[in-house]
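You will see chain A twice below: alongside chain B first, and alongside chain C after that.
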Partner chain A sequence: MLLHALLGGVVFGCYFTLIGLGLNLVFGVMRIVNLAHGDVLMLGSFAAYFLFHLAALSPLSAAPLIVIGFFLLGLPFYYLVVPRLAASRDAEMLSFILFFGVQQIIEALAAIAFGSSERSIPARVLGIGAVHLWGQSLPRAWVISALVALAAVLALYLYLYHTRLGLLTRAVMASREEARASGIDIHRVSAIAFGIGLALAGLAGVFAPFMLGSITPAMGSTINLAAFAVIVVGTLGNPLGTVLGGLVYGVGLLMMQTYLSAWADLLPNLLLILVLLVRPSGLLGRRVRLA
Partner chain B sequence: MNQGRRRGFLNALLMLLITLAIASPIAAGAEGAAPAEIKIGHLHAASGPYASISMPVYDTLKLWVDQQNAAGGAFVKAFNKKIPLKLISYDDQSNPGTAAILINQLITQDKVDLLVCDSGSVLTAVAVPIAREHKMFLFDPTGTGAAFFSKDNPYIALLADPVSTVWPRYLWEFLKSDAAALGLKRVAILYATNDFTGTQASAIRAALKEAGSPSEIVFDQGVPTSTSNYSVLIDNIAATNPDIVLELGYVGNDIAFLRNLQDQDHKFKAVFTLYPGIETNVLMKNVGAQGLAGVFTYVTALGLTLKPEIGMTVEELRAAFEKAYGGGGVEFGWNAIAGHVTGLVIGETLAHADSLSQADLRQAVFGLSGKLKTLVGTFELREDGAQIGELTPIGQFGPDGKLAVVYPHEFATAKPKINAP
Partner chain C sequence: MPRAARDFLRVGVPVVLLFALLPLFYQNELLLFNFVLFLILTQGLNAVYGFTGYLPFGYVGFFGAGAYGFALAVMHLAAPPLLALLLAGLAGVVLGLILTPLLRLSGAYFAIANLAAAQMVYQIIANPALADITKGPYGVSLASVFAPRASYAVALVILAFVLGLVAWLRHGRFGLALQAMRDDPVSAAMAGIPVLRGRVVAWLLSALIAGLAGGVFAWHISVFYPETAFDISISIFAIVFTLFGGAATLTGPIAGVLVLYGLYNVIGISVPQYFQLIYGALIVGLVLFLPRGFASLLSRRGIDVP
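== the complex of A and B ==
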């Protein structure tokens, strides 16, 4: 039981890394809190659902389309909202309020458009049967979702550390004002980061029907709570720290389910409180600040 | 002295006459003038985790109200005429806190004549004490939690589902008889920790632990209602080597459990889950016939052919529902039937109540007990307002996705089989 919980936790944690990754990137670059992140993920789920049921497109084929589509949607949305928000006196607090409103609108529109019933994509489209690792069997869809999540982390790493645009993005993350002073087009860099953030949320949404059982327009709020726990544990503003946060969350959740199942719901809140009390900067906080 | 006493008597008489003269038109008006409309206060959840069980109730209740109004309104015995109905329904977004505020608003601001709470035990739980505090009779469509019903609370009646302590009666009888005879003796219970499934789990646990029971509980754990992955839990259950697994949850729980079961290597001899027989369409779409094959579940009116003495048959209701809401994203299932039953009970209450006072409404509702036969069976209330009629037999899905009744024997259309899902 312990080994299965640990192994399952790591795999599940990889998926939660993907959930938190875009949120953390947006916060790191723009210092705004996208409370609608979970609802963007929900839209990604419904996009995958409809592409599968209406166009017979498997989630793996739909994923690149959704990534590109959400990235392109993110660009105009950024220019519409974020520059004005960033210019305000308290951008972080105002972003809470603004994106809370966006979240409510998305959820309400989705409920009207899609209805309230649960929907899903058959698990068999990602392959039949379980995957065996160290004598433990895990759902194939979990393993595929985890691999996609790791690929997304790797892609983000390569973008941030091996491209010129990534270098500029890190410069904006370090100091928005200094980046502006050195001639960096911070809005261009930020718009691309915002688009990537939405694209990552959309990608996580593609695999939500397999990881979360089913999808509904109301799933965004629960996703947000988990995503916040992941990025706070892994360090706010450090996208790659999200990996650690995701793993801690995934393993913690499945350990709770194994040994204290009735209390598993409390995990995101417990993690948030613990980290904020003991290490407010997150598990990788010190490293980020020194950098 | 006599003269003074006479004058005092005359003064008193005069005062009495004046009082009567003033009061009588008001009193006559109060009793005689019918209201322009009867206000039915209701909550629904258009979003959130309970939307899929709440919206069907709302849709069919609204459908019933529209049908009544199209016919000139509902007959109200207290005024001996038909009066139009006005359904005031607020969206509580599946949030118990919001539901509490809105229930208060319906009572104190909208001053509704009849109060109907949201669907399901979680959202009913907040309405029960508020209705009681305001001495407002609560029409409870599907909130089955046992804690809602007590002899000292006369302000509630459960309309469309049996109370959770009674609901699983056929299940535990089945487990102790036919299932045990098939060798399904080691029982695992996995339940969502809410009033609905928590109470059912308690009732089943108590029955299986009775002296002489052939069943043995080998796994018994609660999980949060928000649980969306069961992979590790299935692994933990498998480690206890059960013969039959009872998974008691809401729609989302059952979908996640059955999908995870399909994805894993563990195959149990038998599995029981709650919602495949209750919201069959939703489960079939999400899990598929293959995933439901062999699964035991409750059989509701959807799988039975009960002939109602009042209201529509299941097929008539399904047709009306599809015509009104088809393609709107809300599936026709048991909860849609529950909304229709709620409307029927309200209609019969108005047709039998001597006035619109809450005491008379209650008396009328309880007067229907044992007499009202709807598409879900006989409406029968216990003294505390708990529904004890409308019992749900046990069924099993075949490989073709068809649900057959396997228990009790008088309703059975097939024999139970050990058929691992």
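== the complex of A and C ==
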């Protein structure tokens, strides 16, 4: 029982890392809070759903298409909104409100286009049977989702630490002003980071039907809270710290569901508030953001 | 005459009188009550967002705490409605006190933590494990104290109090100190303004207002579920209405409620998605082009907006 909860927690933790990863990258690079992250994820789920049911494309082959598509959507959106926002007085707070508006627009359009019924993709399309690990059996779809999440973390690591553009991205994360002063085109770097953030949200969305249950246009706001809990625990603005936050969250969630199931819904909120109050810089961080 | 009293007489009194007289001409009293409720809530949110810059995304948490404070007082203490209403306000203040440490956080972190806190209160109250006390997800019924006329009148009294409060905040010493620390906390502290105390007082005042609003809501509606009392759209509406008209003014939030809540009642109830689309677009447009609301269109031209 305990081992199963732990193993399942790690698997879910990997997936929750993927949910928070893009949000944290966007925050780290642009210092803006993308409150529409969960709704972009929802769009990814619906894209996977329609690609499966209309084009008979399995989620694993749909995933690369969705990643590229969402990345390309992110670029114009960045140039349309963010430079204007970054020039204002309290960019962080205003971005929060602005993306809240974007979230409402996405949710409304999705509800108009798709209706509000619950939809799902059968888990057998990712293979039948369970995966056995240390005498415990886990659904195959869970394990595949977790592996995809790990691959995404690895890819982001390689991008940030082993490419030239990644180096520039880290420079912008460290100090936007100094990066600009040393001649880095911060808007180009930021736009690419924004696109990657949306692509990661879309990728997480592809596997949401297997990890989070059926999909609806209104699922975004719940996911947002989970994503915020994950990145706040795992240090805001440090994309790789998300892994720690995801693992804490996943293991905590499965533990609560196993031993205290009536109160399991409290977990994301409880974690979020506790960490913000006790250690506002996150488990790894040194950044201070007190008023 | 002090400017606060002048603003209150010019703007506050006509609004209260309007809503006192409207029931004589218009039958749908529940709709009018909802307007009064949102007028109270937007001004309560204005008191904290407009004057301190903290955006309480989970403002509905205080409202729900007030509604349940009222319900629990009636169900378990058999309290008369006015006493229960005071306890509802107290419930809001107590929740505000518990959440005071959140004020240490800045901007967006505060908003997110506050949202999470409101959700937690909801999840605790709606939990089936506490059904003996709160009736959990099954909702409460307070038919024994149902009195639509009296509760509407009390709501108007609360509205008058809140409008007076915001008028005072705009011109009184305390409110000016708040605005100074909103614009530049360091300079304000150096000028000898007790920053921490000011913020906490504004925060608790706005919690009190939402608690009272929740209490009078519970009294007027008398049958409700945790989802209704903790509906996140209550927070959202209050924020959008305030932003639309212009925070830190007396008229801005009133105009926001009259225009947008009116619009909501025309199209929002039959096709909520379209209304959601409209206010989503409104928020984006306001943040990008008019971050200080429609009131700033006038004040930019030198016209004084109360």
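Quick notes
One rule holds for everything that comes next: the second predicted complex is superposed on the first by the 285 of 291 C-alpha atoms of A that agree within 3 Å, B and C clash if a C-alpha of one lies under 4 Å from a C-alpha of the other, contacts with A are read in each partner's own complex, and residues count from 1 in each chain.
The rule is short, and it goes like this: a residue touches a chain if its C-beta (ideal position, glycine included) is under 8 Å from a C-beta of that chain, and two chains touch if they have at least 3 such contacts.
Being a predicted model, the structure only gives us computed values, none of them experimental.
On the superposed chain A, the positions of chain B and chain C overlap enough to count as a clash.
Legend: residue contacts after superposition of the two complexes on their common chain; A:Asp265 is shown touching both chain B and chain C. Touch criterion met: A:Gln257 reaches chain B, while chain C stays clear of it.
Once chain A of one complex is fitted onto chain A of the other, the partner contacts of A:Ala123 are limited to chain B, with no touch recorded for chain C. Of the two partner chains placed by superposition, A:Gly28 touches none, neither chain B nor chain C. Residue contacts after overlaying the shared chain place A:Phe114 against chain B, while chain C stays out of touching range. When both complexes are overlaid on chain A, the residue A:Gly44 reaches neither chain B nor chain C.
Using the contact criterion defined above for the overlaid structures, shared-chain residue A:Gly245 touches neither chain B nor chain C, since it reaches no partner.
In the superposed pair of complexes, A:Gly213 makes contact with chain B only, with no contact to chain C.
Annotation: chain A residues 107-108, 111, 262-263, 265 touch chain B in one complex and chain C in the other.
Across the complex, chain C meets chain A through its residues 53, 55, 101-113, 115-117, 119-120, 123-124, 127-129, 185, 232, 236, 239, 243, 273-274, 276-277, 279-284, 286-288, 291.
Residues 33, 81, 84-85, 88, 90, 92-98, 100-109, 111-112, 221, 225, 228-229, 232, 262-263, 265-266, 268-270, 272-273, 276-277, 280, 289-291 of chain A touch chain C in their complex. Interface of chain A with chain B (complex): residues 1, 4-5, 8, 12, 107-108, 111, 113-120, 122-123, 129-130, 136-142, 211-214, 216-218, 222, 254, 257-258, 261-265. Those residues of chain B that touch chain A in the complex are listed here as 45-49, 51-52, 54-55, 94, 193, 221-224, 226-233, 235-236, 239, 251-253, 255-257, 259-260, 262-266, 282, 285-286, 288, 328-331.
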